[in-house]
Amino acid sequence: MEILSLLGQGVLLSLQPLNLLLILIGVTLGLFIGAMPGLGSVNGVAILLPITFLVPPGSAIIFLAAIYYGAMYGGAISSITLGIPGASTAVATTFDGRPLALQGKASLALVTAALASFVGGTVANVLFTLFAPVLAAVALSFGPPEIFALMLLAFATFVGLGGDDIPKTILSICLGLVLGSVGFDQISGAPRLVLFDISGFLHGINFLVLAIGVYGIGEMLWTIEQTRGEVTTTTARISVRGMLSDTRESVKRGWKGTAIGSFLGFFVGVLPAAGATPGSLMSYGVAKMVARRPEEFGKGHPGGVAAPEAANNSASTGAMLPMLTLGIPGSPTTAILLGGMVIWGLVPGPRLFVDESEFVWGLIGSFYVSNVVAVAVNLAFIPLFIWMLRMPFTILAPMIFVLSIVGGYAATRDMHDMWLIVIFGFAAFFLRKFDYPLAPAVLAIVLGPIAEPTLRQSLLLSSGDPSIFFTRPIAGPITIAALVLIFLPAIKLLRRGRGKTMADEG
Amino acid sequence: MRTGEIVTAGVLALLSIYLMWKATELPVGYISREGPGGGAWPFWLSAIMLICCAMIGLNWWRGTSPPSRSEEPVLDSYGWRMLLFVGGAIIVFVGLVNVISMYGAVAVFLLYYTRFLGRHGWPLSLTLTIVTPIAFFFFFEGAMQITMPKGLPFTDPIFNVLYEIIY
Amino acid sequence: MTIERRVFLGLAAAAMLSVAPLQAVAQEWQPRKPIDFVIMAGPGGGADQIARFIQSVAEQNDMTSRPLVPNNKGGGSGAEALIALANTNDPDHTLLVTLNSFFTTPLRQENLGIDITSFTPIAMMGVDPFVLWVHKDQGISTVEEFVEAAKAADGEWVMGGTGKGQEDSIVIAFLAGAYDLRIKYIPYDGGGAVAKDLAGQQVMATVNNPAEAKGFYDSGDFVPLLAFSDERLPAYPDVPTAKEKGQDFSYYNQRAVVGPPGMSEEAAAYYRDLFTRIYETDAWQGYLQSESLSPLWMNAEEQRAYWDTQITRHRELLAAMGE
């Protein structure tokens, strides 16, 4: 009951006119920052920090939560309208969001993304409110072996993502994993794979560099080449009635994905080091697995938009939990927030919940309000994004190229990475022509740098004995589940493949 | 397509070999009581890539993958021109960033694309060319505090004036 | 502290700001572009936190005519940041926030060709001490018990840190040598991750800056055993120093601001004055105290001399570790 009254105070604080105005500004700003390929909540929060000195801390927190929420919603927008995932958490959204947009159903995809995000955020907030201390203990019980087992589970969902050509799919996964290991070996503390001894590789290859290269340059070149430069996006009409029927359809076909994403995303997001990307990917995989017609996924199924979007919102809220309950940042954004808390004179750590309960519940209260405002603002802006899609392709295309380069630079601030984007873009264009699936590479570059260090930390812990992944109480079941999921379809595929060649020969 | 398929696989195989060679700068074996060495992860994954390239080659020889059966050219004359005019423009764009600043390069690229590739009228092309970089400047430098490359020193006077406005 | 009080303080501070003279002394040289404030670590670590705190102090008091723009370049243990500074084409608008990898990285990666003595000293904002921590459930409360337990574990004593050749690993290597311990060292990607796995008892002990472990210390989860400082730390008066235990060893992480090679004298003078004023603000002094940093103010010449002694010292320490 005490929790409820504290939460109520937090919500009331957010509803004061000044704070409500800040939320509105913050959400709108966040939406556009998130929609920009290359920029995300981390940029929004980083620029806001110095300003927090100028407004009362209570309002500063609320503004901050609003930007955070706005940016989470915004991530889906560039995935759907431009086909460029603006953040690693939104890669899975492109799988079905982009096809929907190309079929002229961008508004359906955007409505689905907004509603799923809203549900995901709300479920996460409620779980957060009810179970924060318990979940903090769960988060702590996840050491390196458990995180690695979880990564293995995320990799299992890859199996369904590739094309029909198995060697090309495996090659794509491995290429992503190897590119993710460029730069620095955390365990031995030595530089590694500094390609051609160019110092720009010392900081590794950022996920965004590969994603923008593949989707922003490569995919665009491919589209222009395939369509002879005459892209005809089915003119999407915008009307109130259209959006209402979109809402009905997205609820009807997306509720299952939303439910899966909301819960799965939250639990994965709570674990520091794992984060929202595996959460959204796993939710997509599970949603596809339980769907009545899995083959519709990847061709424009609203459920394929709902699951990752619900999951990444839910996980981003979940990532706040270890920060608030333990003082441990689960993502770069929460790390910067943590720095902000120090600037405001708070001590992050387990005592925060007790000593600064008003701050904590004020923040959580503002999550609830921001989430409601964010879904409203997002829905209100959908016609604008649809209108953008109706621009002549000869204007949209150069704008996408410019956004890719400028956004890419904003993300890493290194000219070396701009050249990499161009190289990846051209490489992706040709690989695409020869049916190499590239989404696995883009996801592998995110998961690899989490999986490899945790694998080696675990083996250091066990003195090189791999049975550590099976004997620990939490890691064991996850590992086994992952291995089953990985090998089951592989065996099926092999059998099918053998059957086919025999039929061919016969 | 058929030639392209094997050439692509060959290039990827060379890349895998290079990555394997580069990974051996750190130990690639299993260090007793410590687990895999620092180069093991990239080394063995690159090795799998190499195997995949071999399998792609095998499929090519047997003609089981669609591109290896296709006789149409990888890129027809339209494709090559597109790559030259659009892809080339992107390379020039990035190359110009360090000369005439990010904003200058954006302006040049947009003008080229909208006016000469897109065949839009001068009024529209010029409006886009002028408005976009200025909007970007105020968004990135003013609102987001992200500084973009300024190019060679001769652009300084312009930026000094612009900074005077936003700060 | 209640929200209301903080609101009041915030408003009071804002009111004072508006009447304070913006720039007391007219400077001859002024930055004309945003200042690239390079941080030698990724977002979220101790160095990042300090850099952003400094930036917010400068912003709050309107101390610079152009903003300090934080720019994280943590790649290759800070090698990326050192290269960026050495090759900058605008040395008057670039600054670097350092930690001890400023000394160790050029020593460990000699092929980088970085000579830090060519950099321009600006300000030493403070030094960060290290403390040995265990989880309370280990039931250990003194160094002697720690040594006993570590010996009994016989090579299975697990400690977490931020990587081989990093600051904490130097301290752990010293501990292992001084007490003849066999320690299993697990590298993590940041001080926060290390603290988390100590809290979850995935590792048995860590060497962290007080700032990183303070939250868990306040909640009673972490027990400090030994401080690697010259004097006892004011915030931890009951924790003995290594020197008291008969070990002639102290180790600090420097929190300094440096300029690139080739920064003009006028610009360097401007930044030295700027950081002197930041150093003297109540905000920074309060930060030093609350985060247990020790003040170690030095002028430019003293900083150069300090760099020389630190290079020599780190060469010895790294050699002793077999790096």
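Read from first to last, the chains carry the letters A, B and C; within each, the first residue is number 1.
We take it that a residue touches a chain if its C-beta (ideal position, glycine included) is under 8 Å from a C-beta of that chain, and two chains touch if they have at least 3 such contacts.
Note that the structure is a prediction, hence the values are computed from the model and not measured.
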>> Based on mean C-alpha positions, which chain is nearest the centroid of every protein C-alpha shown?
In response: A
>> Comparing the two chain pairs, does A-B have more C-beta contacts than B-C, or is it the other way round?
In response: A-B
> What is the distance, in whole Å, between the centres of chain A and chain C, each centre taken as the mean of its C-alpha atoms?
Replying inline: 32
> Roughly how many whole angstrom separate the Cα centroids of chain B and chain C?
Replying inline: 37
> How many angstrom between the C-alpha centroids of chain B and chain A?
Replying inline: 22
>> Please output the residue numbers of chain B that touch at least 2 other chains, ranges allowed.
In response: 145-147
> What are the residues of chain A that contact at least two other chains?
Replying inline: 187-188, 413, 460, 463
>> Under the definition above, what is the set of chain A residues touching chain C in their complex?
In response: 13, 42, 46, 49-50, 52-58, 139-144, 183-184, 186-189, 191, 199, 202-204, 272-273, 322, 326-329, 332, 334-336, 338-340, 342-345, 347-352, 356, 358-359, 362, 413, 453, 457, 460-461, 463
>> Residue numbers of chain B touching chain A in their complex, please.
In response: 1, 4-5, 8, 12, 19, 22-23, 25-26, 30-39, 41-42, 45-46, 48-49, 52-53, 55-56, 59, 65-67, 74-75, 78-79, 82-83, 86-87, 90-91, 93-94, 97-98, 102, 106, 109-110, 113-114, 117-120, 128, 132, 136, 140, 143-149
>> Applying the document's contact rule, which stretches of chain C touch chain A when the two form their complex?
In response: 1-3, 6-7, 10-11, 13-14, 42-45, 48-49, 52-53, 55-56, 59-60, 70-71, 73-77, 79-80, 83, 108-109, 112, 156, 158, 163-166, 169, 184-189, 192-193, 195-197, 199-200, 202, 214-219, 221, 290-291
>> If we count contacts the way the header does, which residues on chain B are in touch with chain C in the complex?
In response: 141, 145-147, 150, 156, 159-160, 163, 167
>> Help me check something: in the complex, which residues belonging to chain C touch chain B?
In response: 32-34, 36, 65-67, 69, 90
